[in-house]
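In this document, chain identifiers A, B, C, D and E correspond to the written order of the chains, with residue numbering beginning at 1 in each.
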Amino acid sequence: MPITILSPKPSHPPPSPHDISDSDSDLSSDDGGGGAHLDFASLGLPSHQKSTHPSNNPLFTNLVTPGTLITPDPQWMRGHGTYIPPSTTNITSSLAGITTRTNKLISVSPLRARYTPEVGDLVVGRILEVQAKRWRVDINSIQLASLPLSAINLPGGILRKRTETDELQIRTFFAEGDLVVAEVQQLFQDGGAILHTRSLKYGKLRNGLFVALSGQGGGSGVVRSRRQVWTMEGQNGGGKMDVILGVNGYVWISKHVEQVAKELEQKHMGITNMEENVSAGVYSSQNDFIDSATMREIARLRNVVTALVENGCRVDEDMVIRGYAEACEMAMLGETGAEDIYLGGQRGEELTRTLRN
Amino acid sequence: MTTTERPLVLPGDPISPDLIPSSTSKPLRLGPGLRHVPPSDIVPVVAGQLITNHQKNSMWVEYNSNRYIPAPGDLIIAQILRSGPDLYFTSISPYTPPATLPHLSFESATKKTRPQLAPGALVYARVVLANKHMDPEIECVSQSTGKSDGLGELKGGMVFDVSLQFARRLLMAKSKEEGKVEVLELLGGEGLAFEIAVGRNGKVWVGGEDVKAIVVVGRTLRETDEGGLGVEAQRKLVRRLAKGMK
Amino acid sequence: MPLDTSTYGLALLRVDGRRWNELRRIHGQIRTQAAADGSSYLEMGHTKVMCVVTGPSEPGPRRGGAAGGASGGAGSGGQSKDAEVVVNIVIAGFSSVDRKRRGRGDKRTLEMQFTLSNTLAATLHTHLFPHSQINISLHVLSQDGSLLAALINAATLACVDAGIPMTDYVTACTAGSTSTYAANDEGADPLLDLNHQEEQELPGLTVATLGESDKVVALVCESRVQISRLEGMLAVGVDGCKQVREILDQVIKAQGRKMILEGTVDKGTGLNDMDLD
Amino acid sequence: MTVSTTSTAPAAALGVLPRADGSAKYSHAGYTVTASVNGPIEAQRRDEHPYEAHVDVIVRPAAGVGGTRERHLESILQSSLSQIILVKNFPRSLIQIVLQVEDSPENDYVNTKLVQASLNFSIMPALFQTAVLALLSAGVPIRATATATAVAIVPQDGTKRSVVDPSPRDVEIAQSVHVLAFTSHDELLLAESEGDFTVKEWDDVYETAKDVCCRPVPTKEGMEMVLDDEHTNGPDLRHFLRSTMENKVASDLHWK
Amino acid sequence: MPREAEPSLNEKQFVLQALHDSVRLDGRELEQYRPLELTFGDQYGVADVTLGKTRVLAKASAELTVPYADRPLDGIFNIATELSPMTSPAFEVNRPTETEVLISRLLEKTVRRSGALDTESLCLVAGQKCWSIRVDVHVLSHDGNLIDAACFAVVAALRHFRKPDTSMEGGVLTVYTPAEREPVPLSWLHSPFCVTWSFFGEEGDVAVLDATWMEEQVRSGSCTISLNKHGEICQIAKLGGVPVEAVSLLQCTNVALVKAKDMSSKLDRWLAEDARRRDKGGLLAELSAENDRVPDM
């Protein structure tokens, strides 16, 4: 019994099917099937785009939304972001995103999603919970990651045996609220991540500022790239700054501390030697002295990062370094000079526009 | 058997001394439903029939209830709730604290080869430890032989709830003579193929290929239990249900 | 004030000038809250709702009782490892004419939370996110009928924005009938998308369907109506849902195009691009 | 002082709720109460006691929401039932008794307010007796059985009359109402009184109640009942309890 | 409170498998109800309904009160549903659960909003005096399909109920106690009944009526349809859950009507039987002149 629509007796012609305004973010269906208002200006797009009808634009052919049939052809394999309805061979999208193809594998990468950890990712996280033999770390993912006690460098060198005293003193290494930089070592079957900090690059974070963005997984935010950690010179009298772009979208900007570098130099002398130097100082929660110029530059760098995100740019080393240089220039042109670190609203747009060109 | 031998007792009733076995060679053993009040009083705590076994020098109160209280040695059907670091938490009866089942309490289980049981899986197990101050512990392997002896995960099939007493009757060595329950033999006689595991905690697991056969077995058990059917009524019931299946 | 339906028979126009099968203006936006995993704002006529999605994420401390919002899908801690969909609806006091405040224990709101969470759980692929929670928070800013439908649509948009995999859009709308049950009018016509006034006076139902199919996820009828009129109302409602789906799909696509043009996302590789590599 | 009673014989059914561990429905003197017993089950942290079971009693009126009167009845029942249940057998657990009032005798002369339910004090014996029956049905180990009754002292024509199982009308005009419960060892388990009374009156009430609750179990010949014409006041509760349990055990153990 | 025990994986799988083969554990057909039984209490307005092992008791009561200020011409009518630990130890006193909220909303929509009880007739003096009718629903035993059983109990209790008679003479309102005048029935307009479908499987292609508690625990969706015997829908609630073809839902509604008509005639019969039983003694004969008292209203 098919469903039938019973129309009123004095039959009026039904309104023309809603003309769907295709590219309008402010979309409306007016009474009686109103017209479409195409307002590209509001999107801040270059004007030449106007002539192309969106649905014909080859740029958009791979844009799919949930329920879109990608292919009924059984030769393809379904990947992330797709599903096959029961008793069919139809690969169907389960996300709003862009189809990507790797050989026979069809997947959809979402326009935006939470960070999904992968082995080897460098992440910045926050300790949320201390358990008997591990920490539970927020890494902006679907589940909390776990950092086992056995996966950190204990004071006194790598060869030191883990003792029960360490278990009892677990809070002296990381306590709730501490920030850490770590690497994803392993994944559970259900997608949960296990982290480690068994390298001098990793460990507790201090002397700096934390920024949360959306991570790898779709949309603007931090992307996986060659380098996630680097040191850069501060302008306007600021000292050197360390930047850590966690793949999970958590960013750490801090004052560069030479001591670590010295230890890194020692690395060439012999790893065992050096590891022994890992002292309890690594787990200190005390900030070093930071001069106000460096603090200001750290804040400026943070504003660069947030401005990039606000205006839909990717965040990687190149963009951040260029953005910082541009921001310094913009500040110098202003009235208050170096003290002006504001990069919100129009200034942020201006900044990203310069970077895009 | 006359009623005088199996008198009705209510909690707190005095027990006439001639009902208490007086063998001097063996110590007197008190079964469920009785309480020893020092120095020498024996008082029932539940309502039921007082049963005395002079040969074994034991006595207990025969009664029915719905709440299973674990006792060591009982065979039970338990449901896995979740897995801990080295044991499973299982449920024996609803709303009670979980019973533990160590990962290694399975036949030839080692840290690497232990069975992986998902939450919601069923096991046929034996109660090892039950005391009022601790959560009970169960096992799926015989401590003495190291063999499973039929214990372990129950795959597929269906579980039916019966009264504790009916489960006990099914488990009796001579269930037909002593327990007056003949349904299983009768069902087998009707040509139904099924496996069965009876838990003292009032759960009967019925396995087999044929969904309809399992349902018939389950309905027979439940109706026999709830209706308090005698042997003749059991025969009728089985005939009726088996006919309905065909 | 009873609704004057007498003129309908003559002009076939409703109180707000619509015809029987016309939706009101629908305006949708996504990514309205920068801090959220997903967010949306939806207007259906003068019914205006906002939605924020957080998650899937680690479930917080267990909430006690029903006050913390209804949860659908599977509960955490049980056998099932699926994500839990927790919905919380706040109806602003100023959203309706009577400005009545509804407490947290209001049963109508609790029922809507339950409906919403079970409706979304039917489409969201919760099995992909074991031991986690999807929090959906809805705020009702203005009410003019079809509230449940607007909430479902807004939540769908926000879930798509949050990048949570789902079978298809779940879209909803209301349908009614032109005369009350008491009139026993066999010739009553079905109506699409009821406003507040129509909802008060006429029989109506809310229907939510999955994608472009005729599969009904939710069907809520709270008024007395002859069984013979159900088919017509349901048919109009299901058709309305398809129209709504098309509109919501365009909202999402517009955002996608914008991101492609801005270079935030790659344009991807489709089946037909195979010659490129 | 004369003693009178208006009530009919009590009636009870055990195991009426198939999903509870134990249950009983009991009607007497116009009251009908259904009880369920679940336990021993897991106690909530706040109720957990390291050495004994927590006995939880919940009284639910037939109409309206329960109030302070119900809480009061619950606390009296809770403390007296804890005395007969062998709570030490089940440490850290909970024995939950829910008493649902189904019917209570109506005073035909007053239109009662029902939305705020306030159970009458004289419902106590019915609640108590139902709880004991449900405990027996659940097989929860108890020290002894117990029986309870209510006695009202009603002024009449200048004298005082004590009424066993008073009707709501009696309670309304009574000077004092007493509820007493005795274990099967003839120990006084519960005594609650309301109203004005003298020690002498209380002594009389005690004797009357004890007479109702603790009548010796008739011997098999059943001759005592017939011969003993002094004991014609009120039902023989102990005998009733025994015969109810006899039926239950007989049907449970039909296969023996 | 202890959590409600979840059925084991074996049980879930088996029940689903059996239902796909159209076999139910208790041998019923898919669209067959368990035996429905109703007993009335000694008093008016007490209905005890059993549906298999599910048992619900409803008690109606009346009280004189003041009408709500915004509805001066209407009496007050409430249905109170509270699940006590008697239903299951998982329910706690004074902590409404989701089940409880849903049942109470469904009863509210089915009985109250559909206008089954004429609330205007409950008003005695506009804006000053009216009857407040209250039905308390007590779930004594829960073995699935509480809604259908509870709705039947509520309708039965209300139709059985008698409220004290009143008279209005010269602006003086007199309320008679049961001893003075035989109480009168409520002004009842129509009798709605709930019929609940349960859907099973990923596709929701198996539909079952009157699910047991075990079946409810494995179902993937449900739809409660409330109808009266005149074929009027009072309420439909499919609150999410597995998607079901619209056409199947229409079929479900038609079957539900048959079931509702069946319940309606059963209730009529039981009410008639009870009336006959009560009439035998000639209730009025019990009343004696000696008991006449001044009414307290």
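Keep in mind that, in the parts below, a contact is a pair of C-beta atoms (placed from the backbone, for glycine too) under 8 Å apart; a residue touches a chain by one contact, two chains touch by 3 or more.
Just so we're clear, the structure is a prediction, and the values are computed from it rather than from any experiment.
Visitor: More C-beta pairs touching across which pair, D-E or A-C?
Guide: A-C
Visitor: Measuring between Cα centroids, which chain is at the maximum distance from chain E?
Guide: The most remote chain is A.
Visitor: Find the chain most remote from chain C, comparing centres computed as mean CA coordinates.
Guide: D
Visitor: With chain centres defined as C-alpha means, what is the inter-centre distance between chain A and chain C in Å?
Guide: About 30 Å, centre to centre.
Visitor: Using the average of all C-alpha atoms in each chain as its centre, how far is it in Å between chain C and chain E?
Guide: Roughly 30 Å, centre to centre.
Visitor: With chain centres defined as C-alpha means, what is the inter-centre distance between chain B and chain E in Å?
Guide: 39
Visitor: Two or more other chains in contact with one residue: find those residues in chain E.
Guide: 2, 6, 9, 89, 246-247, 250
Visitor: Multi-chain contacts only, two chains or more: what residues does chain C have there?
Guide: In chain C, residues 78-79, 214, 231, 234-235, 238 touch at least two other chains, as defined above.
Visitor: Using the touch rule from the top of the page, what residues of chain A touch 2 or more other chains?
Guide: 3
Visitor: For the complex, which residues does chain B have touching chain E?
Guide: Contacts found on chain B: 79, 91, 94-96, 118, 120-122, 154-159, 205, 211-212, 214-215, 218-219, 241, 244.
Visitor: Give the list of chain A residues in touch with chain C in this complex.
Guide: Touching chain C: residues 3-10, 12, 14-15, 18, 20-32, 34, 43, 45, 49, 54, 57, 59-63, 65-67, 70-71, 76, 81, 83, 85, 92, 94-101, 106, 109-114, 138, 142-144, 190-191, 217-220, 310, 312-314, 356 of chain A.
Visitor: Can you list the chain D residues touching chain E in their complex?
Guide: These residues of chain D touch chain E: 17-20, 32, 34, 36, 38, 41-42, 44, 56, 58, 60, 62-65, 96, 98, 100, 102-103, 106, 108-111, 113-115.
Visitor: Touching residues of chain B toward chain D in the complex: what are they?
Guide: Listed in rising order, the residues are 1, 6, 8, 10-13, 33, 35, 43, 45-49, 62-67, 69, 94-97, 132-133, 165, 169, 179-181, 226, 228, 230.
Visitor: Looking at the complex, which residues from chain C come into contact with chain E?
Guide: Residues of chain C touching chain E: 64-66, 70, 72, 77-79, 105, 107-108, 110-111, 114-122, 181, 205, 207, 209-210, 213-228, 230-231, 234-235, 238.
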